[in-house]
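One chain, subunit A, links the two complexes that follow: it is found with subunit B in the first and with subunit C in the second.
Take a look at the complex of A and B:
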C-alpha cells in the first residue's frame, strides 16, 4: 500500500481525478449541439430528455443536474441554455455546490443554432487549453469518493468480482476514503446483514427503513418484481431469487462498518462506507453517484455492460473469464480467475485497489477510451423497479 | 479443477464452476453427488435434500424457499425455488 494519489484540488476543498470540460445542455432541444461539440473536441457532453418541466420529479432532477454539473472531476462546465429563469437557478446552484469555472451560451441571445455550436465549441477549446496547463498535485485518501456498482450480474458476481471489490473497498475505507454502495433493489433480502454493520444503531434503522420504504412503494404499485428482478439475464446466469442477487451484490461493500445512509445523489459528509438509496438501473445509479460528487466508480459485470460516465471514470471488472475474453475492450480487470482457481480473492482485491489508484492518477479506463458518456435522469415513475 | 463451489458449510446448495452433465458423479470435499439434470456453469445444485417450503441456504443465509421437494444432485433454480420477498404470492 505504498501507492499515493494525485489529483486536482478544487476551490471548495473537493478533489478531481480528471480535469474535464463538460458541455451541459439545460434543455433537451440543445442536446444535439452538445453531442456535436464532444465529437469535435476533447470536451465531454451529456444528453437527456428533460425539457424544463416542473413536475413531481423536479426536485430530483434539479439535484441531479446541479450536482452533476459541479462534479469535482470537472474543470469547467459550459451550459447551453434557452435563457429561462429556471436554467439560471440550476447554474447558480451548481456554483454554490463548488463549480468554479463556467460559461453560459444562450441560444435565444445568439439567435442561431449554428452560431450556438460555434461559440460553445470555441469556449470548450479555450477551457481545454487552460485545463491542460493545470498540474496534478499530491492529494489525501479522503479526497477519493468511490462508487460501488454492479450490472449484468451472474451467479459468479457474488463469488468473484463483488467480494474482490469488497476487499478493495475495505482497504480504501481503512485509509480514510469514502466508499458508497447503491442499488436499494439489490440489498433487499440482505439489509439485515448490512444494518448489523452500522456504526450507530440509527444508521442500521435507516438502512432497514430505506428498504422497507422501497418495498412498500412496490407493493403499493402492485408490481410483481419477479419480472424485473432478478432480470432475465440474471436468471440465465444462474441467479434464482432477488435475495440471492442481493446477498451477492452486498459483497461489493466488503466488511467495513456503515457510517451513514445517503438519499439519492446526496454527497457523503465525511470519510467512511455509506449506503445510497438509488434505483437499480445502471445509468441512473451512475448518474446519481456523479451528482453526489463521487469521483471514481468500480462496476462489476458478469454479462458485459459498456456503461460509462462523461465525468466519472468507471472501471469494469468482469466476474468470469469468458466475458473478459469475449469483449476485451469493455473490461479493465478480470476477477473470473478466482473461480478458475488461478488467483485468490485477496490477490484480485489488491489488483482492483491498484487499478483504482492508477485510474485516479490518470490511467484511462476502457469506458473512457470507448468515449462512453451515458447519462439518465431518474424519475420516480416508471423506472424505479428496473 | 473443482467443479463445485460450496460457500458456507451450512448451505444446502453449491455453485457449479463448470457445466455439469446429467448422470455424472462429483466427488469433492467429502461429498459424493450424482448429478440428476444438466446444470449450466454458475447455476446451483442441491448438496442436501430440501423439503417443500424449506429455506434454500446460500452464503449461510436464506435466499428463498423450495416450492417442491428437491433431491441431492438436482438443479436448484426458478422451477423449484421462490424468493420469500416481493414475489407474486405477496403482491396483492
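Take a look at the complex of A and C:
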C-alpha cells in the first residue's frame, strides 16, 4: 500500500480526481445543444427528458440534478437554462453544495439556440484551458469516495470480480476512504447478512427496512420483482435465482462493517462503508452515485457493458476471461483469472485497488476513452412507497 | 396537385426519409449515436430498455416498435447490448412484422465498442442501399395538433383543416409536450403543429417535423426567432406552412435538432 493519491481539492473541502467541464442542460429542449458542445470540445454533457415538470418526482430529480452538477470531479459547470424559477433553484442549490466555477447561459436572454451554442462552447473552451493549468496535489484517502456497482452479472460474478472488488473496498475503508454499495433490488435475499455487519444495530435495521420498502413499492403495483430479477441476461450468464445473484452482488462490499445507510443520491457524511438505496438499473445507480459526490466507480460485469458517467471515472472489471478477450475495449481489468486458476482472489483484489488509485491519479478508463456519458433521471412514475 | 411522399408499403407514405438507429437499451445509446452521426441517420438518447418491470416491459417494447413503424422512417438498425430486458433480436423480430427493412446488432456479440461501431456503419449503409426510397403519391396528409389549453387560434386552425379535407389528430391530455408528441407519433401523424405552452420553449420530435407556434408569453417573445410562426398567426398562414413542411421545408426544430423522444413509463426501475 505504498501508493498515494493526487487530486484537485475544492473550496468546500471535497476532492476531485478529474477536472471536468460539464455542460448541463436544465430542460430537455436544450440537450441537443449540450451534446453538440461535447462533440466539438473536451467538455462533457448529459441528456435527459425533464422539461420543467414540478410533480411528485421533482424532489428526486432536483436532488440528482443539483448533486450531479456539483460533483467534486467537476472544475466548472455551464448551465444551459430557460431561466425559469425551478431551473434557477437547481443552479443555486448546486452552488450551495460546493460547485465553485459556473456560468449560466440563459437562452431567454440570448434569444437564439445558435447563439446559446456559440456562447456556451466559448465558455467551455475557456474553462477547459483554465482546468488544464491546475496541478494535482497530494490528497488524503478520506477524499476518495468509491461506488461499487455490478451489471450484466453471470455465474462467475459472485466468485471472481465481486469478491475481488470486496478486497479492494476493504483496503480502502481501512485507509479511511468512503465505499458505497448500491442496488437495493440486488441485495434482496442477502440483506440479513449485510445487516449483521452494521456498526450500530439501527443501521442494520435500516438496511433490512430499505430492502423491504423497495419490495413493497414493487409489490404495490401487483408485480413480483422476481419476474425481472435475475434478468434474462443474468440467466443466460448462468445465474439461477435472485438470492444467488444477491449473494454474489453483496460480495462487492467485502467484509468491512457498515457505517450507515444513505437515501438515493445522498452523500456519505464521514469515512466508512455505506449502503445506498438505488435501483439496480445501471445508469440510475451510476447517476445517483455521481449526485452523491462519489468520485470513482468500479463496475463489475459478466456480460460486458460500455457505459460510463460524464463526471465519474468508471472502471470495468470482467468476471470471466472469455468476455475480457472478446470485447476488450469495454474492460479495464480481468478478474476471470481467479476462475482460470492463474491468480488468487487477494492478488486480483490488490490489482483492483491499484487500478482505482491509478485512475484516481489520472489514468483514463475504457469508458472515458470511449466518451461514454450516460445519464438517467430516476423517477417513481407514480409507484407508491408505503 | 398531388403531393409526393416516400412509399412505406403497408406502413403508408412518409413525408421524410429517415433511417432510424434504434438503441434497445440506454447502454447502447452512445454507440447508436456515433453510428447515426457517421451515416447521417436519426437516433435518440433514452434511459429505458433494462431494469424495467410489469407493464413497462411490453409498453417500452411497443413504443420502440411504433417508432420503427412510423411512415417517416425508412430502414431501421436496432443496436442492443445483449443482456438487457428488451433483447435486441426479439425487438427486431417484433419490429420486422411491421417494418421488414430492419436489421440488428448486439454489442456483446460484435467485439465491443469499435466492432459494433464498424459493423453498425456497414449495416446501416447496406440497409440504405438495399432499400432505396421510392416516391409515391401522398393521398392523405395527417397533421398532429398539440396544445395544453384550447383557444380561438386553435379552433380556427381545426376548422380550416376540416374545410381543407386534411386529416388531423389532437393531443391535449398531457402536461408534458414531449408525451403529447409521442402520443401523436403513435397515431402516425406526418407532422405536428405545436401550440407551445407559454412556459415551454419550442421543441420537436426527432422523426416528425414540428411546427412551433408562439404564444404571447414573455418566454416566447424572448425566443421569437426560434418559433416557426408568431403568436396570432392566421389559420390560413398556418395551413400554408403545414403544406410547405409536407413538401420538404425544414422547421426550426428540425434545423436545431431541439427535442428528445420521451417514452411513457408507469413503474419505477428495479
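What we mean here is this: the second predicted complex is superposed on the first by the 380 of 386 C-alpha atoms of A that agree within 3 Å, B and C clash if a C-alpha of one lies under 4 Å from a C-alpha of the other, contacts with A are read in each partner's own complex, and residues count from 1 in each chain.
Please note the rule applied: a contact is a pair of C-beta atoms (placed from the backbone, for glycine too) under 8 Å apart; a residue touches a chain by one contact, two chains touch by 3 or more.
The model shown is predicted, which means the values in this text are computed figures rather than measured ones.
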| item | value |
| --- | --- |
| First (subunit B), second (subunit C), both or neither touched by A:218 | both |
| Which superposed partner A:155 touches (first subunit B, second subunit C, both, neither) | first |
| Contacts of A:189 with subunit B and subunit C, given as first, second, both or neither | first |
| Contacts of A:329 with subunit B and subunit C, given as first, second, both or neither | second |
| Contacts of A:304 with subunit B and subunit C, given as first, second, both or neither | second |
| Contacts of A:237 with subunit B and subunit C, given as first, second, both or neither | both |
| Subunit A: partner with more touched residues, subunit B or subunit C | C |
| Touched partner set for A:54, first subunit B, second subunit C, both or neither | neither |
| First (subunit B), second (subunit C), both or neither touched by A:28 | second |
| Partner chain(s) touched by A:371 [first = subunit B, second = subunit C, both, neither] | second |
| Contacts on subunit A seen with subunit B and repeated with subunit C across the two complexes | 218, 222-223, 225, 229, 237 |
| Interface residues, subunit C side, partner subunit A - complex | 26-27, 29-31, 37, 45-47, 50-54, 57, 81-85, 87, 107-108, 111-115, 175-178, 199-203, 218-219, 222-226, 256-260, 262, 265-270 |
| Footprint of subunit B on subunit A - complex, ascending | 154-156, 158-159, 188-190, 193, 215, 218-219, 222-226, 229, 235, 237-238, 240-244, 247-248, 320, 339, 341 |
| Contacting residues of subunit A [partner subunit C, same complex] | 27-33, 35-36, 39, 47-49, 51-53, 82, 84, 107-109, 111-114, 152, 185, 217-218, 221-223, 225, 227-229, 231-234, 236-237, 279-284, 303-307, 323, 326-330, 370-383 |
| For the subunit B and subunit A complex, residues of the former touching the latter | 1-2, 5, 7, 15-17, 40-44, 56, 58-59, 61-64, 76-78, 81-88, 90-92 |
